[in-house]
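What follows is a set of structures to go through.
First chain A sits with chain B, and in the next complex the same chain sits with chain C.
And then the complex of A and B:
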């Protein structure tokens, strides 16, 4: 075999030799293509797999952990939730609208594949600064793509985040999370079990789009914007996606379907080999039976196509007609293309001729696993220590300036383009600390949040990873939800670079430790490597998608002040440290060298304290202190509130004033409490708790030892905050 | 009514159940609607809204049954995409264009009740202000002067006090919802079915559904 061939499908010489050894012969061209996609970084997790084992994945609520299309958690009374997050970074960098749209479609398929009705979408987006025209184009395109697909398909987009930083110049991140609800007895897995069972391909027809999306687009670094790769980006059809959801859920009700897998990255190749390998069976399919959109497609093209809105069904022998009838009602194809065998092989025919034949497990379980060299940052490697900026004089001016930062400003421009209410279950939509979806027919609600701050992980991957988990959990806690499980998207640079692998390892160690201390299992995730453009790697960006449970959704609280005269209190402690803060970045254009002290045990106590307070009805509103620090947190509670003011009065702190106002020390929550309840709240736990001010009708003032350090008009502040993002575009 | 691509069908179903009434889904291939009191065309993206919003659905097999139902005086309510379909099918005058700023809008708005002499608004008072959600990309209602003579304005966008203003999409004369002259066919862009419970932020949508219930009770009382 000439070198050109295996390099063309994205494999190395060593990998090629391993294939020959596994097969005991040279692969033919189609077989080589199958290995090329299945052993790509995107599908095989070959650089990351050894590290992902650090995550705790077990817990009494975990019904399905990593390795399936989505994780599934038991929420009691026969109900369960399915969750999954996925990246669509590289397609969105080339074609923002379709890249983002198909990201939404793909993650939804992962959810209803499990038998769950999708009920919520969230998007975590990262772009370079909006001062560049290309970043504006990418930002607008991605938001439009999400809006196009999500609104039409009828699943509410209830939350997410948007963050701008120069490290994403040229390599934006588009991570999408979906959550579904199901009855436990309706759970289906992606397994081709039962020898002789029928294999159906259902949904849209197969075309030539997306070929090599997983191997050549998603698993390589990104040198000049490769516009010639545009055909590798798939095109989404939300109408077809909606029909596929309805038809699939209806077909599952027949009880005839034993396994389902979506056709996403690596299309039919991946779905067929994974379902067989999970069930320990074999699969025989005939590509000539696959419904096609265009004529003259070769077996290679059919096997590698990433055309959207398709699924693979494994149906009990003889019951295929029942399923086909349902798909006919929804005007979708459902073609029988093969059957389950007992020989462990993935056998592909084109009519009578066998065109490829490889052990299914060779494509999946036998994929290479790399322990790539790692290098951990040493203290002395850090850029020369940046002296902290001198204390500013006009804090009010800084507050106004920060509220106008695209990272802190209201994201209403984004989320008002998303239908976040369809299905009439959205108790709390975007703009809250976490979104809440109620489950009809029960008192339950699920709280969902996505989080991750890449400046923290850039400064310290371990602490940053731990903080991402903690913050996502804290957000869920702030609305009254108890965190029960998480999924993630790990976005990093080029794994062939030792420092990047070091960041990756440390971030996972930090996340895993936080999960253990907080008692939250990881139900799955997604790894996106090679986020590198022109030799520049993105900041390490682990994103956490957290799900929490409210047994009684009517107890939820918001993050806006409810009544003038109530007290404003702080759970947790203000610490000296500005590293990683939006303040340092936006005002002084530096990251800083260190992160604030972070104590996971303290974090856990703070969260428990807040949950108890909400559960007992003592906390009227709550908001975690994160990006922008204490002053911004209080300002947001004013903007989101019915009572539009706050008077804060504290003793002069032992820390710098700017650290107090704008530092981002974790494990802090601002809560609103009625005067009469303060002592009861104080006794909820053994964490620092202090009254720092009072809710007012208007005005935002801040005094230290009776010295007023700012006093601002809240109408003016709110106008800046609400309009800044729109004016940046 | 469920067209392929409808996505607020479930929400409408839930809302009617909350009102304690019977409801069933009717598939777009149905040809006989005689057993029903009210036909509701829900929001969503029927047929993906390809070609033009509501255009393909207006040729759906069930449409001739809906027209017949409406001509017989049956109550027909179109919400959001349902309103767009009713305009495309000619059951209501005018058309819905892309929002003035070309963006999809999803948020709460206020409407002022302008006309209470219909089966859909008899339990409301003129000047009442309702807080309802909108979620549409094409809600910019337009009607020619000629068309304006063939419709009744039932709801207008307003501010929270009922004053003019608060129009989110540029519709002519701040129109949010209209009926035909006889009042038995209503189309509106806001989603009353999403405003049925305090838990979800507003109960102001109930007035429209309770008007329908009141009208039907009275009608059956007379006919008996």
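And then the complex of A and C:
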């Protein structure tokens, strides 16, 4: 076989030799294409798999862990939630609108594939600075694409984050998370079990879209002019997506469906080989039976197409017609294209002729695993310390300037384009610490949050990874939810670079440790590598999607002050450290060299304390101290509140003032408590707890060690905060 | 200097899914028409000034590439007509 052929499908010489060894012969062109997509980084996780085993994946609530289309957690009384997050970075960099839209469609399919009805979407977005026209275009396009698909398909987009940083110049990140709700007995897996069972392809017709999306687009660095890769972009159809949700859930009601898998990256190839490999069976399909949108498609094109809104169903023998009838009712194609066999082979026919025949497990389980060389940042590298900025004199000025930073400003411009109320179960929408969706017919609610600060992981991948998990959990805790499981998207640079692999390893170690200490299992996730443009790698960006449970959704609290006269208190301890803060970055344009001290045991105590306070009805509102620090956290509680003011007075003589106001030391939560309840709250646990001020009708004043350091008009501050993002565009 | 009028036709590339086209086709079929394919595109008219016909063609092509069409998923074609001279 000439070198050009395996290179063309994205394989190396060594990988090609392994294929020949596995098959005992040279593959034909189609077989080589199958290996090309299935052994791509995007589908095989070949660089990351050895490290992902560090995550704790078991827990009493875990019904389905990693390896399936989505994780599933038991929330009691026969109910369960399905969760999954996925990146759509490279497609969105080429065509932001359709890239983001198909990202939404894809993650929804992962959820209802499990038998769950999708109830919430969240998006974590990262772009280069808005001072560049290209970044504005990408940002607008991605937000429009998300709203186009999400709003039309009728699933509320309830939260997420947007963050701007130079490291995403040319390589934006679009990570989408979806959550679904199901009755435990309706759970279905992506397995082709039961020899003789029928295999159906359902949903949209197959076209030539997105061929080689997985192997070429998602698994290579992003140097060459992206325009060369144009044909690999797909177009989504949200109305078809909606029909597919309804038809799938109705088909599952028949009890005739034994397995479902969505057709995403690597299309039919991936769905057929994975379902067979999970069940330990074989699959035989005839590509000539696949309904097509275009004339003259070759078997290769049918197998590799990434046309959207398609699924694979495995149905009990003889019951295919019953399922097809349901799809016809929803005006969707459903064609019987093959059956389950017992020989472990993925056999592809084009009519009578067998055009490819490979062991299903060779495509999946036998995919190469690389232990790529790693290099960890050395300690001495860190001793070159950046001189700390001169103490600024006008703190009010700094506060106003920070509130106008696109990273801290209100994200209303984004979420006002999303329908976050559709389905009428959103009890807390965007703008809170976490979103809350109620489970109809019960008292329960689920709290969902996404989080990840890549400046922290850039400075220290281990601590940054741990902080991402802790903060996402803290967000869920702040609304009254107990964290029960998480999914993630691990976005990193080029894994063939030793330092990037070092960052990856350390970030996973940090995340895994935080999961263990906080007792939160990982139910799955997604890895996106090769986030590199012209030799520049993105900051390591692990994103955490956390799900929490509220047994009684009426006990939730918001992050805005509720009543003038209540006390403002701080759970946790202030520490001196500005490294990684938005303040250093926005005002002085540096990251800093160290992160604040982070103690996971303390974190756990702070979260328990807050949960207990909310559960007993003693905490009226809560907001965690994160980006922008304490002053920004309090300002946001004012803007989101009914009582629009705060008078703070603290004594912290040992901490630099800018660090106290804007430093981002973790494990801190600002809470609002009625005067009469303060002593009861103090006794909730052995955690530093102090009264730092009082809720007012208006005005934001801050006194430190008996000296007033700013006193600002809150109407003016809120105007800056609400309008800054709009003016940046 | 001449006044020119350009007439651009923009449509989704062959092979790219056209949800609007398929919905329209579905509606036509349900009205009883025997339709086999529908593709929906758009037409844009632009009036502008240019030194020569060559410059006019180049300008329209540039406008289409940079803004009017999305070359990632759309094809475009255009005609340019001179509609009179400016003093």
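Note that in this section the second predicted complex is superposed on the first by the 723 of 729 C-alpha atoms of A that agree within 3 Å, B and C clash if a C-alpha of one lies under 4 Å from a C-alpha of the other, contacts with A are read in each partner's own complex, and residues count from 1 in each chain.
Here, contacts are C-beta pairs under 8 Å (C-beta built on N, C-alpha and C of every residue); 3 or more make two chains touch, one makes a residue touch a chain.
As the structure is a computational prediction, the values presented were derived from the model and not from experiment.
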Between chain B and chain C, whom does A:239 touch in the aligned arrangement: first, second, both, or neither? both
Answer with first, second, both or neither: which of chain B and chain C does A:554 touch in the superposed model? first
Looking at A:438, would you say it contacts chain B, chain C, both, or neither? Reply first, second, both or neither. first
Partner contacting more residues of chain A (chain B vs chain C): B
Kindly classify A:307 by the partners it touches after superposition: chain B alone (first), chain C alone (second), both, or neither? second
Have a look at where A:331 lands relative to chain B and chain C in the superposition and call it first, second, both or neither. both
Looking at the overlay, what does A:50 touch: chain B (first), chain C (second), both, or neither? neither
Going through chain A, the residues touched by chain B and also by chain C turn out to be 237, 239-240, 331
Which chain B residues qualify as touching chain A in the complex? 4-5, 7-8, 10-11, 14-15, 43-45, 47-50, 103-107, 133, 135, 137, 191, 193-194, 196, 199-200
Counting only contacts in the complex, chain A reaches chain C at residues 94-95, 98, 204, 207-209, 227, 230-231, 233-237, 239-240, 293-294, 307-308, 331
Over in the complex, which chain A residues touch chain B? Could you list them? 147, 151-154, 237-240, 242-243, 330-331, 412, 415-427, 438, 440, 553-554
Contacting residues of chain C [partner chain A, same complex]: 12, 14-19, 22-23, 26, 70-73
